[in-house]
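Pasting the structures in now, so scroll down.
Paired with subunit B in one complex and with subunit C in the other, subunit A is shared by the two complexes that follow.
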Partner chain A sequence: MAETQTAGAEVRSADPEQFKLRLRRYDPESGEAPYWDEHTIELEPHRSVLEAILQARDRFDGSIGIRCSCRQAICGSCGVRVNGEPALACHTHLDAALEGARDGVIEIEPMGNMPVLKDLIVDMDAVHWKKIQRVTPWLIAKQPVPEREYIVPRESMIDVTQTMACIQCGACVSDCLAMEVDPGFIGPAALAKSYRFVGDPRDDQHEERLLDLSEDPEGIFDCTHCFKCVEACPKDVNPMGQIMRLRRIATNDFHIVDKNNGERHEAAFTGLIKDNGLLWEAELLPRSYGGNSWFGKFAPPAGKELLSSLPAILKGLIRGKVSPMKALKPHRIPKNDLKQVQSIYDKVESREKRYELNLYIVGEDEQVLESPSATSDPVAVGVTAEPGGKEPDADPGAEPTDTPAEQRSTTEGEGK
Partner chain B sequence: MPAHDVLIIGAGLAGQRAALAAAQDGASVAIMSKVHPVRSHSVAAAGGINAAISVDDDWHSHAYDTVKGSDFLGDQDAIEVMCSEAPGEVMHLEHMGVTFHRNEKGEMDLRAFGGASMKRTAYVADITGQALLHVLYEQLMKHHETVERFEEWFTTSLIQDEQGRCCGVIAREVRSGRLEAFTAKNVILACGGAGQVYKPTTNGLIVTGDGIAMAYRAGAPLMDMEMVQYHPTCLVETGILITEGARGEGAHLLNANGERFMEKSAPNKMELASRDVVSRAEQIEINEGRGVGPDGRGIYLDVTVVPRKRTLEALREIVNLGKDFAGVDITREPIMIRPGQHYIMGGVKTDNDGRTPIEGLYAAGEVACVSVHGGNRLGANSLLDTLIFGRRAGEDAAARAAAIPMPEVDTHAQLRRDAATIDEIVARPREGRRVSEIKNELGETMNQYAAVFRDEQGLQTARETIARLKEEAGKAWIDDRGTVFNQDVLGAIELGYMIDCAEATVVAALERKESRGAQFRTDFPERNDEEWLKHIDITMNGDGPEVSYSPVTITQWQPEERKY
Partner chain C sequence: MKVAYWPGCVSRGFTPELHGSMAKVAPLLDIELVELDRACCSGAGVIAEHSQELADTLNARTFALAQQVQGAELMMNICSTCQGAQSECQERLDANSEYRAHVNETLANEGLSYEAGLTNKNFLWLLVEEIGLDELRSRVRRPLSNLKVGPFYGCYIVRPRNRLGIDSEHPRDHYLHQVIEALGGTVIDYAGMRKCCGFPIITMNKEASLKQAGRHLGDAVDAEADCLVTPCPLCHLNLDLQQPLAEKVVGRDLDMPVLHLPQLVGLALGLEPKDLGMSRHVVKPTSVIDWSSTVVGAAAPAGGGW
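Showing the complex of A and B:
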């Protein structure tokens, strides 16, 4: 053990190095446009971007504006963009940030999708908090309130703790692509917050909440699955995953058929892939509106949306991205491949209970993946939410090396 | 001019709890914070909250543990209030929506914590403070019609009428730089401790002793200021906290020889002795050359003895902290830690309802000293302290407000004075020292001389240094000349607050010529109940601190030798 100990200690005995920072500055009182400001600081490579900014502020320019407090990724104040990607400044190592820098200079800007007030400070009230308030963000407790605590399953409390772990930093809001297109989209943070109540057995309004978020055209079906929020989140809250869970509960458990057609669109999407192995784009629209029948293809709303999509379709035709022949027939894949795709459906659909991803329950997904014992069931890897479900860490013999952890920290550094 | 029955400064757990309680009792309430409420430092509390909710437990046992943990300096009437009301408060929080960890039966689970005679700590993984704070903020959003929020407003001073009654505050809107007077029938200070007086510290950059200093300047006595808690497990380099929950779950402390050295000082409780005892034991190992790491500055915390699944489920945050801030996977190898400044037991002296000796002024949470923590706070008692006394202060302030008229004071002169102070700082010539340099020197001085071990000579050095820094701070310059988010000028004001807190701490530590709780004087290594079983109060007299004493309230538990 002594050897591991020294190794661990020596990782952290690096010498200070110089790093160049390029900060996006904006002074609303100057009447001038935003500009870039460069500083060279000296710190050990594993120290954080926040420490670098604070050193620049302490030594060279006290007017650099950034909200910050805890320095340990729990207060959620220092959301910024590092080299164009959303991150907590205190949670991004300088060496990792340098790897993602374009020209050897670490670039730090305010978050996106929110108005900038000064330098790296954005108006979170105007966007983020407004959206949080949209989802009735408090428990509507089941009555009668018990004398002692509510008796609830152990797993459900751990489950909602994943969304409870959201620190409201705004990193996911900053880079939400759907919100960029539709600023009214309730967005990843607020919808994850909503799961915190929908997943809480003490809450009395699961159906009402889900109905509300399904029927809102800017609700759960407005998310476009881009994974940006999953990458952005410094606390592994997995906002998109929570949105998908809201959808699953709304459609599968409460059978909510929303007027935005979200439920049918999703059914059409999964149905087409089950049938063909690949998405058949031309069929997606009519089936989303009319369902899987010949008459359904003539559902008037489908026609309406088809008309509005014509310019895009025409452009695609002109540029040769689609041909009428290809579009009207489904894509084909080899029979064996199709069988494999369909076997995934069979496996997932035959389960009595849905598997759900929750890091608090299953431990760390990336470490599960490397464990040979857990790979016997590829779909279920690290995703059981059931009590007494599959134990990813059950095999102590499968002691993983430390490579995956390192890989992860690299990706994190680049991603954030 | 905004006017409220109850105005609360600070929106951490104590402040938010006070606001909800006062609003529930029908008062008009405003809550003001220099940061957004969920950024408050309560968010960083990890391990849990103590309450005798188990059927085998009894609040008397909790109270006795707390008294013993305080090294018999805690006021026992206050401790009885806190511990007897704890179960009800924790249930109330659960009903509000806190996602407390459950056991297999679906009841609230409890974990072991330092200095406790049984498992008594309710928790939400190791983000208990965050969960509590965010759930209270949910309630503030719910009750937005009855609790007015002033988020990102920085308080510059308390308003007092001619009789000395506190009747409001002057505050600056950070976003616009606008200065405004707020009147109130009662003001509750709930703006936290003063950890930034030390460097390094586990506390956030916002924890700058604002409330303690403002009350002190208004004439309120500060109590137990010499009692500064060093947490036994902070990352060596950055001072970031590793929760006591780790040891609660069974983690070991090891020196360079791989020995569990706690055997020597706490053979029964081992790693789960009270924090002052563990920190001292660690410091002795380090001082005597049995520390680990390149220059022997650290101690190993070995979490690998805890089952890995349990660690990932219940200590997830520190798994991430280890990885992100020390490059160590705590589930596979030990992590290097050392004692680090974490909490101040002292603060503005209050009674059990949060009242300070100044009419109209209350304090609750770390800013206050009731005193329930005495010489040493037990882990997981601070969240409890904030909530119990936050609520009590809110209720008392609301009740008393109903019986008195809104104060009528002319605030113009004070508004002008505070505006002039800010203008003067902004206009200072760039000569002498920067605010940041002085802050650094202050922190390093305190961490050297007013830390785990203290003596007369070191404390005198600290006192002289602080006196010089006070001079320099009065002329320290800043860069930002603007009004929108001028954090620079607020930093200069905070530096003044911190220096006042540091001075009170050093004066009290010099005064207490014995070793008790967190105060260990190498020149007076024994506890001396005959002379020093009393609180030290510090009051501002002119420009300097004046010392007086107040008795310790003893109800059921006579002082005895403290063994773990």
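Showing the complex of A and C:
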């Protein structure tokens, strides 16, 4: 349990204490509605919520349903909600859980966004695994396959270990806010898995994968950017961050213009800030639908959208929230400053290689270790790497490296 | 206190009542606002999605401008989305000196440079951490007695916790609760208070976006809130401007007024709803809530104190 939460760790008592649990119970086959059940258990504060549930099951009620196996945050079986937040039951200390309890009782529910099979056990097959299968979760090797091994840059391999660290616990799926309103959304776990192959230089289908995920109305552009999955993940996979990178590679490297307005919205937003320094809301909407130019709003999709938004726009006008002047004219920063902003755009956008800082690869300044082996020699990695089957065995923040930034060629792959 | 003030774009565009009410509230709290009118949009995460370096450089420029404001104690914003987007850029800039030098090289053309370690706080954080709840309480002229307020935090100001500095000492994800109470109001908890308003996908999946807004508003109605308060103008657009459309998507009447944070503070400090631009909302708080006597008391004469 070396990497579990450490809140209050310094002054932990070694003696068992009493903790109250409130468990969500439900048996769909019984025909009864779900209900809450309370038990008081006795354990040392550093023990896990999972141990508490198991004690309640052993001592008071053998019918409590919970799925678990390794009890050390590696098998991903015991995903639940603790006090309303997604967590691994075995990865949450009782004292930390008590701190987050509303009324002194640790509340444990099944994960969200997935049907409950019994009590704390949800149907992972019906949602999570179906979505993982949706993204072709295996490597499609570049041909011809080399006789020996593929030679790939070290940074690329460290980079994909972040998504390979996923233990398929479903915590991010449980609390995905886009999925809550749109169950068809491919979702954070599967899209992170998809980056694992799009970010892998040995995979041959980057463009096909991205085209598929961009054009799907419930693909990469359906993410609401709410950071829920980032917070939920017990393994720092940063699913939302991976989704943003999928978008960046799809729009910038492969120039995919999707039917969901994803690329147009990004281009319109970025373009409007370059032109004005500030956002011109009245132009953003029509351009996102009709294309990134002043004429965009006259394109049929933009007209249709404007028509459906008319009630909101009219009300805004009547209330003086939206003035006709504001709708017709952008607000701008002073001329000299706009020039500065535009020169930043010109400089950054004209680079041959995109310059990105990936903190997962380089870590923070004080974490970077001085090491004689800090060269970017390519490492050989076998082509049969098991998706999701490998755990990074070192703290990625401590990986020796001499390049501060991940550099990805903007010309990688052929633009369409 | 003097602050380098970043109002953002939307507070000067489609939610002018936010910028206006902040200007009225600041002197009542002895905040001197030095507006960063030369700075550009934070990118709201969208520019970073397009190019990380571009977003980082544009925001480093804003930070550098803020650091040039003589006598300013920190930078303050009134937009959660700016807070989130700028914090993300600042995290990278502060973490790696080589990267910072690279970004500063671009800024050097304009004679600007960002030094690591800027303090950038949303008005909400500044209220609790700099002004203090006791001080705020002492300045209330019209306690919001009997006003049931649902906090709407949104996403960018509460997640991810590490980056935003949220911990047991700085429970920033509870500050709206604390401020509402300090102003004399009653906090209404409801399911959607820390969920996404749906704005980021309004152009990509309008139905899902409006369903999000409609659900949270509906949750607040069911919890019997009189109004919501939010520190984010983009949330305000989806929750207020789009509320009539959200009503259609979720198939129920909502009629839920949504206040900007400075408006709620201003009311309690004795300002009039009209002066705070509250008649400019799509769901007019002035028509839904009786501000005259039943819900909130009349403002005490200046200097009275409560």
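FYI, the second predicted complex is superposed on the first by the 280 of 416 C-alpha atoms of A that agree within 3 Å, B and C clash if a C-alpha of one lies under 4 Å from a C-alpha of the other, contacts with A are read in each partner's own complex, and residues count from 1 in each chain.
Just so we're on the same page, a contact is a pair of C-beta atoms (placed from the backbone, for glycine too) under 8 Å apart; a residue touches a chain by one contact, two chains touch by 3 or more.
Since the model is a prediction, treat every value here as computed from it, not as a measurement.
Of the two partner chains placed around the shared chain by superposition, subunit B is the only one that A:His46 touches, whereas subunit C remains out of contact.
In the superposed model, A:Asp253 makes contact with neither subunit B nor subunit C. When the shared chain is aligned, no partner comes close enough to touch A:Glu32: not subunit B, not subunit C.
By the touch criterion stated above, A:Gly65 is placed in contact with subunit B alone, subunit C being left untouched. When the two complexes are overlaid on their common chain A, residue A:Ile121 makes contact with subunit B while staying clear of subunit C. Shared contact residues of subunit A, touching subunit B in one structure and subunit C in the other: 7, 359, 363-364, 405. Touching subunit B in their complex are the following residues of subunit A: 1-2, 4-5, 7-13, 27-29, 46, 57-59, 61-63, 65, 67-77, 91, 93, 117-119, 121, 124-125, 132-133, 137-139, 141, 145-154, 157-158, 160-161, 164-168, 196-197, 200, 202, 359-361, 363-364, 391, 393, 402, 405, 409.
Contact residues of subunit C toward subunit A in the complex are 9-10, 12-17, 37-41, 43-54, 56-58, 61, 84, 91-92, 95-99, 102, 106-107, 109-110, 155-156, 159-161, 168, 195-196, 198, 200-205, 207-209, 211-212, 215, 237, 241-242, 244-245, 279-282, 284. Subunit A makes touch with subunit C in their complex at residues 7, 99, 177-178, 180-182, 185, 217-218, 221-228, 230-231, 244, 247-248, 251-252, 260-262, 265-267, 269-270, 273, 277-282, 284-285, 288-289, 308-309, 311-312, 315-316, 319-322, 326, 331, 333-334, 337, 340-341, 343-345, 347-349, 351, 354-357, 359, 362-365, 404-405. Those residues of subunit B that touch subunit A in the shared complex are 35-36, 38-41, 43-44, 53, 91, 94-97, 99-109, 124-125, 127, 130-131, 134-135, 138-139, 141-142, 151, 175, 204-207, 236-238, 240-241, 258, 292-294, 298, 300, 308-309, 312-313, 316-317, 319-321, 323-329, 332-336, 434-437, 440, 478-488, 491.
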